[in-house]
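Shared chain: subunit A. Partners: subunit B in the first complex, subunit C in the second.
Take a look at the complex of A and B:
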């Protein structure tokens, strides 16, 4: 934290700068948003919890990547995310499906008095995740055995193909100093890192304003491009866009409609970069509801909805249609569907099912773009003779709709707009549609023996091609139920200065340590 | 006078208690499980159990309410459920930014609005009076966030003269002042119109009174009559208006703080509400209600102190 106060020197400096600005006619934005060694990145929400076990996400992830060590990092190999050893290790290898051995580089020092980064820190950091809010990232981790000061073996109870991408190479694989964390109350921390060791060090946090990272002079890994990074807290995306256009931030996420506008003409000296996001959006249909029990009715709805019109109306035309739930860049990403927009076919299916005068309730979170999308659906379905009532809901009632533990709403639930977020492994996105999730998060309420069998196989399969085939088939099974109308894997769009080449993690968060100068 | 001050302060405390009971009940009446609402989709059972335990959501509502007020009496507004920072500290970190913004917004509005109102009253039906009337209605009807956006588009994006975001570097008062220009202008613009209209109406009434006619009969200069005899009485309704303005400005400040990404109590409450961080919402709202509730008795006491006629009725 920074002490408040004005020194004589600061006052004189400010006065001199103000005079120079006035006399030389320099625009303040040019003084305030310096390029070169300083990078200003908009952060959507203030940091709350930097502890990998209890974090919320967003910029916290970016700070963890920049300031904390890890054994592996995610890398794009071709179009798909994979992992690679990090700058902190001499080696890390998967010896067999349940054993991963590692050796840290010597001489990596924690800030403060926590000493060197050791295998004990790895053991402490990964094993504490099992008792944390993010334990699901390590579903089969048993323990970490320390073999010497810098080496150890990570032991899994059973093979789990996503151990790296969901765990070790993700933000949940951030290491923390054992000595310092053990001294903390409850052995947890929030906004103050108990020890740092990375390309950057977090040097300042001004709540609700900014987080400052400075390049770590002792860093011996891949050099960073910017000496200082400021994460500027601007919650409102429209305000962030204005700040970007005024030159006060170098990189910011933008709304779909702004991305569409920028696509026609960017402000001078800036660029737009699209990143596959971690989200998947679909329209769900309750297969157990009386009105939707007949698969021909569900398939008619799949074919009656014009996804392109939804994307044009609700996403400014910048999003691409999805053909499954697995996002781009992740094993199992699907590029085609077995159905397409065909109202004539939809009418024929409804006639075949003997259904007329069908009316449905369409429930959605009360957000402008979702309601817009619902209106398109309403028009599409009216075109084939289905009347739709749109019911926008606040998050409280909405997230309880399909939960059997929260009442009887699931019995009357018919059709809804849904968006989930996933890690860069298909298992993370698909797990919510298993039989054991019926009445929990499988609101479509179906199950299939082949789907369950493939799920078990997919977890331990290590051959990428076979895994890919497994998850493609699983999504095909989902589609064949007629319970899903795939909408999009919501893309993320970032506006940035041409002089900056932003780097991203698997979830589309900015990684400043791999952000470069053009 | 002391009894009057105590009565007004007691009323302010009652307003705070009533508001907090209403807010507390409203939060409890939101459909759905509070822990699920806070954590969103796919929150694990462990996370929900931890939040439920930390916030005492399993306790009966009267117990929760009693615990809440018990903590407030000890000066403890609770703990931020995410960062685990004391809410009192978070509120105190943000409050000065809002107070400075409101003071600057109201300050420049008063500096322009009051003289403008006086001038319009003295030069009644002149071109300036009519022009001021049109401008006043115009400024009153433009929401502060619209003003803010146009200020940014013109002064920051088009001309590049003023910074858009933040509150300036800590300790650098010049930088902070520069960062305050646009937000304060956006916040205060509507109040220029309000104040000038109120002062004008009040001045017109006072200027027709006997003591002003007597002062004129004694041959006192007009500026002295206005300054020393008319404005002193005409300003009294403005003091009440300024107290009411605190409430209005606290609401407008939310938009201005969000658009200019300034820290402040309004933005704190909105951000906390978006995160479903209920302890921070409760602490922030209590503070704003207390500010508003205290501003009213302070203005009443000030008027009683300034106006012997009011004082005589106590």
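Take a look at the complex of A and C:
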């Protein structure tokens, strides 16, 4: 007799097959169409702070550009960046090296009950930046004088070549409603915009999932191409690539090895766009940490790490080694370093410092290529007798590591893999290593009087050759601290549907308001 | 006629019967073979790996399976077959040691809850249920985030998750034995509670728990692999199977053999322990034979 029923063995066999399918990574893909008025953009990290004064970066920048007004916008002219008046102004002109006058368009209304966008909002927004975490974006700003309801003058203490590209036309030039922000505790905000006025309005945020922007029906500037934009939070770039290939996102950044593979053949209906690398990647060392206080130990680490192997293993061999932080094509770009991979020299320096049995914690974002690179570093340092424990972290805890305002992690921080991005002026990349950034973004925690002096000189210097020399010397000082192992200026590539023409800011972030349909 | 003892066939011993039953069950034999392979690899890993599983060789990275590298090489040029063999040591050591510790703690707490006063039973049950109510992976991720990813953290998570299960089973068995006639008789003779628990109750509850624990080993191995896959388990460069899978997933288009190679040992371990455990249970408990 054949007995109908579910035997335990049959159940086990089915479970085994299901397990095998799961383990082999075979999963049903739910392909969602993203055509028409909806644009789905992958965001690498969830938003944390949309306040221009305290933001972290990434998609926060894209949201600020889309939902907050500004006086000027960056525009690409050939291989270089310039600025242009924004849709929010009647005029903005540089009257002389230290005076910039502007007049806002009338009738631009904030969402909520903050009224019209006025010159008072401009004054409030720009002057509050001077007391913010991003004060270095306005190194020579003195004040903003309001001349009437919609007009004013931005006054600089001294000329600064990058006032627009680094400040006014960047994400740090985002305006906020004075009335609404003044009512907030500490006059700061995080993930809820106190007022919006832009081509898009942020309508929804599901933490760790997505941010939704909807086209602003009252917008009178340049029309947008997409009625709705969704920023989908996919931290892991490889997962984002799979999501892209499955049609779940329309635009995503891709890893160098994927860019190399896509170079040989893109998935149907998609395209690859390269953006000049705004990033600089290095391995940082905490100069104040007991284990790394001796400069000879830090210099030994500089010489023990084989950057070429890292680039071959983690970047698919398509990235070039960096010799500083300033990217190619920008004033102050370095082409050589004073150190090179030399494990014998590293061992000698460690012996000279009397250090043996050194063990270090190496913290990195939990991204595949970074963890791969960390393993090369681990092997390199093991080669000279330094034991390294790799600690992969999610973006939240990672980006708080060196911030004194976020706890005590900075005290125990030793070595980490770091990547920043910069706008096309050397001062933007270098500002994070000033003395006033110790405990904020200068996680290496050092300062140098000559470095500070050169910083001031560099801001007001207008001669390109002298400016170049200043920033070269500043990077040399950084290198001499032993706190930096230069890795690369990451090549940046975006995969997107052929039907989408993505727009970018100077730092390579996607600007959805200028993203078009092909 | 009287049969002499010389012509009577000798009655088979319990072990012989057990062996015969095992040999008659193909799934049991398959399970035993798979478990034996994994255990053999785990014990002798350092001596049988063809290459150093930790040695980087960037020029040899992402080589497909060949006679030189049976499962190919990974993105750092390491031999995947060697890493899988070495990974069995991690999987087994995490699986067996954590299950062992959880079993010891769980049995102790379960005996106390079952034999102790009512208020203590209620308190411990509340504790067990509270821990039990957390989804395992979520708890693992939370603990790993708070304490940092490491082997110790991973073992702590597994012990935390498994202990209540064993404690509850022990408690139930203890409650049923507590008022049995033989225990009452021993109590009336003046035996101390410790003696009653240790000598008369414990031996009666530990047998079935050992079988359950052995069947939990693949779950723990899978949990270790899962947490490592999510970046919250054993940190690199340890050749955990979960890490091999994670690295393979990241290169699934460039080197699909990495994912396949990382999945095979997990499948083997899961099937091996499950088939063997199920068969053992069937043999030892006639009520559970064949049909659910």
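Everything that follows uses one rule, which is that the second predicted complex is superposed on the first by the 286 of 518 C-alpha atoms of A that agree within 3 Å, B and C clash if a C-alpha of one lies under 4 Å from a C-alpha of the other, contacts with A are read in each partner's own complex, and residues count from 1 in each chain.
By our rule, a residue touches a chain if its C-beta (ideal position, glycine included) is under 8 Å from a C-beta of that chain, and two chains touch if they have at least 3 such contacts.
The shown structure was predicted, so the numbers you read here are calculated from the model rather than taken from an experiment.
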| item | value |
| --- | --- |
| In the superposition, subunit B vs subunit C on subunit A residues touched | B |
| First (subunit B), second (subunit C), both or neither touched by A:313 | second |
| Partner chain(s) touched by A:394 [first = subunit B, second = subunit C, both, neither] | both |
| Touched partner set for A:191, first subunit B, second subunit C, both or neither | first |
| Which of subunit B and subunit C A:375 touches, first, second, both or neither | second |
| Contacts of A:56 with subunit B and subunit C, given as first, second, both or neither | first |
| Contacts of A:366 with subunit B and subunit C, given as first, second, both or neither | second |
| Touching partner for A:248 - first (subunit B), second (subunit C), both, neither | first |
| Common interface residues of subunit A - those touching subunit B in one complex and subunit C in the other | 3, 5-7, 11, 236, 238, 242, 394, 397 |
| Contact footprint of subunit A on subunit B as seen in their complex | 30-33, 36-37, 40-42, 44, 46-47, 50, 80, 82-85, 90, 93-94, 149, 152-153, 156-157, 159-167, 170-175, 178, 258-261, 263, 267-268, 270-271, 274-275 |
| Partner subunit B, residues of subunit A touching it in the complex | 2-7, 10-11, 14-15, 18, 27-30, 32, 45-49, 56, 133, 135-136, 190-191, 206-210, 232-236, 238-240, 242-243, 245-249, 394-397, 399-400, 406, 420, 432, 441 |
| Subunit A - residues contacting subunit C, complex | 3, 5-9, 11-12, 16, 19-20, 23-25, 236, 238, 242, 257-258, 261, 309, 312-313, 366, 368, 371-372, 374-376, 378-379, 389-392, 394, 397 |
| Residues on subunit C engaged by subunit A in the complex (per definition of touch) | 27, 54, 56, 58, 61, 75-76, 145, 148-149, 231, 235-237, 245-254, 259-260, 262-263, 266-267, 270-271, 274-275, 278, 290-292 |
